[in-house]
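There are two complexes below, and they share subunit A, which is joined by subunit B in the first and by subunit C in the second.
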Partner chain A sequence: MASATAPPPKPATRPANPSSAPSLWTIPAPLQKLFNHFPLVTLKSNPLPARSQILTSASDTLPTLYIFSSSADALQGKPSINPTCLKWQTLLRLHHIPFLTSPSSNHASPTGSLPFLLPPRTTTSPHPIPSSSFPAYISRSTNNPHPPPPTPREEAYLSLLTPLRLAYLHTLYLTPPYSPLLKKFYISSSTTSFLLGTILQSQLSTAASAAVLQDLNLHPQSGPGAIDLDNLYAEAAEALQSLATLLQESPTGWFFGRERPGEFDAGLYGYVGLIMEYMDTPEAKLGGLVRQAGGEGVLVRWWGRIRREAWGEFEQREK
Partner chain B sequence: MGASLGSGSSSAASNANTATANQHPAYSANSNMLDGHLLTPASIDTIELHGANNVRRSLLDGIFKSLVEGPENATSTLGEALERVGAATRKLSRFDIFKEDGFGAFISEADRPDATPDRTWLNIALSVKEKSRLVLTAGTDVGNAEGSAYTNGVFRNIFGGAETLSINASAGTRTRSAYSVNLSTPVNGNPDVRLALDALRSTTQKPWASHEEHLTGGSLKLSWLSDSKATHTVMCNGVWRQLTALAPNASPTVRADAGDSLKCSIGHSYTLDRRDNPMLPQSGYLFKSISELAGWGPLNGDVAFAKTELESAGAVPIPFPGLQGKKSGISIGAGVRVGMLYPLAKGYNLAAPAYPSRINDRFQLGGPSDVRGFKVGGLGPHDGADTVGGDVFAAGSINLLLPIPRLGAESPLRIQLFANGGRLAALQDKSVNGENGQVLATEPKKVFDGVKSAIGELGNGLPSVAGGVGLVYAHPVARFELNFSLPLVLRRGEEGRKGLQVGVGVSLL
Partner chain C sequence: MTLQLYVWGPAFGLPSIDAECIAAIAYLAQTTSKADYQLIQSSPSAVPTHHLPALHDPSTRTWISGYTSIVRHLQSHPPPSFHDATFPPPTPTIQADSKAYITFLSTNATPLIALYLYVSSANWAASTRPAYSKILPIPLPWIEPAQLRQTMSARAEHLGMSSLDTDVETEKEEQEAAAARRAGWISIPASLTTGPKNVGEVMAPEEKRRIRLDSLASEVLDVIGEVEWATLTLGARCAVLGWVSLMVVDEGVPKRWLAEVTRQRYSSLVEFVQDFSSDAFGPSPSGWESLPWVKDEPNTHGFGLGLQQRLAHGVMYEIPWVGEAWRRWWAGRRRREVLEYKGIKQAPSWDGVIFTGLGITALTIGAAIWYWRTLPRFGAPVQRWENPVFALGGLGAVGAFLSSNVFDEL
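After this line comes the complex of A and B, so read on.
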């Protein structure tokens, strides 16, 4: 440290132990008395810079959800382009919890991944709330009891999201025709430089490839060529089929017969919402798989319902 | 590189006698004997250089050839001829590839068949000792509020043309890791003009703003020494900056700026140092300016601004009655620094909207080697505990240096009384306009008004000021200070430092 001064001890602690031996870090009383007179003048604080005011000071009362998004979309609170961010953003909206959104990157996150919530400024800098604490945050904010932990049956169905995730990762990150979309999603928001963009995009693809290989128990060095694509997409199709069947069994139209769409619905919507929005073209496999699942467009109808529930205002604006 | 440009002794003809004795022992020893003959006509017949075994012939020709073949050689006097040899030798020493105490000269009369009695022809034999071509060092450093360990390799005169390749790796408490490679070469055989290519990768902790910054980049620099002994550098820079590893309680401002950005800039710096001793100035003045233009026109990148910083400092000795012309060692010094960052539109269209500055481009002010009596970055806008910087600043300091009674004026120790202060303000804009997807875009008119009002803010109320007393030790490479300071005027959120503060630096305010 540049400065070797001890911080002035809190006044309350000083009389409490007057007999204790003065340590190196306690300031002698006369010096403390002198210090208390300084500074002689305290003026009002300096206002924050423009960029900070625009990006972080739009509201004194609302928390901010940091998500992958473009700055224009985030300003309007539009859906994120990242499955996990979209999941939590959708769930918060389903619970009618008000929040702002801010475009961000993993570097901003306390856990290294998005999303996270940042409560409004108080006298000190707020501590971020990681997504793992969102269910507790939602139950606090809505005065509802904490949702019960997932049952073993729910856990089993939760694992069906993995093949869907791998197929999604492969499509977006490792399929060349989707490279412009990947760039639009994750690169354009942070840099306009071609060189830096290319470096960041190759880092993203490498990380996605490593994640897919790891989940398939393949050697990380074997490269994306080692992935059995037919099998990858077949498993995704099978998972979507099972999810559609599960949904058909539900009397309420939401997963596990819930009255209101819950975390599981939001989690699946994170993928299905993005697939239907960006990958529902004739040549895209994933859009077709979602449409075919259940044979009767079960998932598409469910997707439409969530969209109305959570994103109704944007749907109407688009019309 | 600044040092190698600045340390060469004067080459102006009228300053021949200022050449330091240890640099040219043979020449100065001879000069006493030769004093009476300086006006006799003499020309140089040959020059031999011994000991420059690894230096390219063309580099030496560039320096010595004109001495023998130049038109003035035919008409010169002995004094002029010796001065020309002296100037060439000093030029040679500025390449920094020969040992300073290794220069020697031997002069003899040439045996020339066409010699006429009215002109003496000289054979000049110079000897030099080359500095070691490869220097590997490793060590630890404590300075500028951090401790570090480093390894450094310098390949001097690597291609025989006084090129220097320097490779450096270090790990420290604040600069967690840094790797740099620097290749520099004199241009056109002139030691006063150097071209340097740098590559850098570093990780630096910035606890005053709760983050780490990773830099990866390169630069091309051309430096030269002007006739007035001022150093100019023009540079072209490209840096990938990554703000990452945020502290749990990092402020929203820092969180909003986390991530990647590319800065491409061109810049110019100018230093005119006329102080008697940069570490402990007793007289003279310094003028320094740094200008940078980023993101404009073909530069591209993610940030665009014009940034300029001016610094001026000076000192005057105070005579003490009764010392009869001897230096008293008492001096008063003062320094002023101002800076401004002006956001610009990216590309060529200056009328297009500009983007307000980010934390890693804004100025910081305060710290033991800056505005004393404040924590590092202690002045200016703060978000919670984080110093977030500002777009315009002005700072000034005045200090009285007193010698320590029994050590006297020649000792590098001084007692210092100082008062310093400053203002750091940011461009304001509260409006959020989401049109055309450009959330942060600010119209040029608003940028101008914002900068204008930020400059106005510098004069709004008293500056933030601290004063104190301390001990200064001027080591040849850095200045150490131990100060007791108290903040006098503060703004809410600014972080003053009450009590002792240690400052280490090469350019203190």
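After this line comes the complex of A and C, so read on.
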């Protein structure tokens, strides 16, 4: 806390001006003497709260990544709770680019979706960078050549994230045992009111069921009751199985034989990281599917490796 | 027991109007003998899964829909004559690749076909809508195609071309500009206005949109055009047959951008699809007609609905507010029926309670309204006429005398 300091030098008493007679506005001498004693102590100004580190000098040199998170987690730079945010956060960390994180919502983003990156305030043009420009930003800041565009085979395997995403959406948003987790992730950070929270939760669930139904070619308003669950999770299992097969082919242990984990690894980690962290319980099928994929825990070992690479410090802290 | 595959009817010279249905028909035709399955022309409102293609397997009491799930079901519960030469596939890599390419087709090529045949108003009005009118029995073309177009437009929304009127948009802009010119204070002759400055301004909006559509198409076709489909599983080959044969549809289609791009730049892909189509359905272009098509009988299983019922549900969906709730309830109810049919115990349904509650509420509200309407208007003067009651007091002096206390004391 601020410590007391010596009283500042007192202002000199105004020299009596002989030419002007005492008017209504001049302070009588005894009062002037009394008030000259104040202030007795001047306290140092308090520092800004730690959660507003994005306003402090740290953001003069570091870019800020806006993600879905809670303010306590964002302060420590912990992993985000949203697959897309986690993907880009992981990719930035894999390239050892230092950045601050700040909790935010879609409404704050210039593109309407998180994450986005705000460059250091000292740069000449602090325009927000949308997530689609992150690869270019990474290659600029690390002075690496721009990664080559994805090959057709990579594009095809990238589409395998869709069945995984549908199963993830169903587990988090439409399975009652997971509603406390949903509240913790998305609702408690926006509102503390029970009524607003309930409304928000039902809106989120409706949006999630519409997203799932749409990708299954059903009418978006058919409601969660129309989803064929066995099929949804069987698709996710096959997708994970195929990804595990692809990983087994690679000699380096990263997808497509890369020397270093790339965007594809980060994209899959966005889902697998969250699944292994929060949904690895017997009643959630997804954790089991990740463990079974490839038959030998291929994906689990890959998950451990990428976790060490990108989030090593957090893993050690937890132990 | 024969399998029953419910599919959309034929259109554009193809066995079905839907990519997944074509793929499912091709897969079944190549793996199973004609005695073991039936093809039934239907629509989503008739099947309990609300989605075509739908497979009914009476031996396992299963209803399942979607191409990949049908293939999975056939491989795990093969009918007697089932034979897929590529299953199980020689290496896990081929299986993984096939899975990846099938998923790519269904997630990325479906929106493209949605733009081409459904979102584009010119193509919808000139070819797709009439095709649906031909394959649906009579009251249904009034209801179902419009709902299907909604579903497909939602599918293509993320491509950014989803303002439903890819073809009306420019006309609207031009009309607005003309109106602004007319309404202006000073009309400037066109010769005096500054000429166009860059290439973008010289091009008509129509051409600009064409460039955007071409790039969307090549993003998808660049991937599937380079694949060695012949090395992949039969499931993947049937999938590419389904999706690509719809992409190259150009008979009677006014705006043929997708067909032109595909035929011009990816001719080897189109050739492969044509060859594979003749493998699957026979050399003649309408070889699929010889497949075991059966007329739909609503009562062959417990889930059939008559035309009137399908029409009634379609009309219910269109009612604002109620339609949404009705769609949710009906879709959920049908899914429960499917699961119960399979023998999976379901939690007791609250339908009876809900409908009784709704009925009582409606009755109460109706009675309240009726009662309200019988009340006089508020503030209106109320007059009552009553017959005078006969009493002794009414008899004048005699009455007063008679009713006085004199007699009481006697």
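As a working rule, the second predicted complex is superposed on the first by the 257 of 319 C-alpha atoms of A that agree within 3 Å, B and C clash if a C-alpha of one lies under 4 Å from a C-alpha of the other, contacts with A are read in each partner's own complex, and residues count from 1 in each chain.
The working rule: contacts are C-beta pairs under 8 Å (C-beta built on N, C-alpha and C of every residue); 3 or more make two chains touch, one makes a residue touch a chain.
Computed from a predicted structure; not experimentally measured.
K.L.:
Does the superposition put A:L218 against subunit B (first), subunit C (second), both, or neither?
P.N.:
In the superposed model, A:L218 contacts subunit C only, not subunit B.
K.L.:
Does the superposition put A:P152 against subunit B (first), subunit C (second), both, or neither?
P.N.:
It touches subunit C, and subunit B stays clear.
K.L.:
Under the stated touch criterion, which partner chain does A:L160 make contact with: subunit B (first), subunit C (second), both, or neither?
P.N.:
second
K.L.:
Which chain makes contact with more of the residues of subunit A, subunit B or else subunit C?
P.N.:
Of the two chains, more subunit A residues are contacted by B.
K.L.:
Once the shared chain is lined up, is A:S188 touching subunit B (first), subunit C (second), both, or neither of them?
P.N.:
In the superposition, A:S188 touches no partner, neither subunit B nor subunit C.
K.L.:
On the A-aligned overlay, A:T252 touches which partner chain: subunit B = first, subunit C = second, or both, or neither?
P.N.:
neither
K.L.:
Once the shared chain is lined up, is A:N144 touching subunit B (first), subunit C (second), both, or neither of them?
P.N.:
neither
K.L.:
Which partner does A:Q203 contact after superposing on A: first (subunit B), second (subunit C), both, neither?
P.N.:
So A:Q203 meets neither subunit B nor subunit C here.
K.L.:
Let me test your reading of the model: by the given contact rule, A:S133 touches which partner, first (subunit B), second (subunit C), both or neither?
P.N.:
neither
K.L.:
Take the contacts of subunit A with subunit B and those with subunit C, and give the residues found in both.
P.N.:
Touching subunit B in the first complex and subunit C in the second, no residue of subunit A appears in both lists.
K.L.:
Along subunit B, where are the residues that touch subunit A in the complex?
P.N.:
Contact set of subunit B toward subunit A: 144-145, 210, 240, 242-246, 248-253, 255-262, 264, 300-302, 346, 355-358, 362, 367-369, 375-376, 380-386, 388-391, 424-432, 434, 437-440, 442, 450, 461-462, 464, 486-494, 496-503.
K.L.:
Going by the contact rule at the top, pick out the subunit A residues touching subunit C in the complex.
P.N.:
Residues in contact with subunit C: 152-153, 155-157, 159-160, 162-163, 214-228, 231, 234-235, 238-239, 241-243, 245-246, 248-249.
K.L.:
Please name which positions on subunit A make contact with subunit B in the complex.
P.N.:
Interface residues on the subunit A side: 1-6, 8, 27, 31, 34-35, 38-58, 64, 66, 70-72, 74-76, 102, 104-105, 107-110, 118, 121, 124-128, 190-193, 195-196, 199-200.
K.L.:
Under the touch definition given earlier, write down the residues of subunit C that touch subunit A in their complex.
P.N.:
So the residues of subunit C in touch with subunit A come to 20, 49-51, 64-66, 68-69, 72, 92-93, 95-97, 99-101, 103-104, 107-108, 110, 147, 150-151, 154-155, 222-224, 226-227, 324, 327-329, 331-336.
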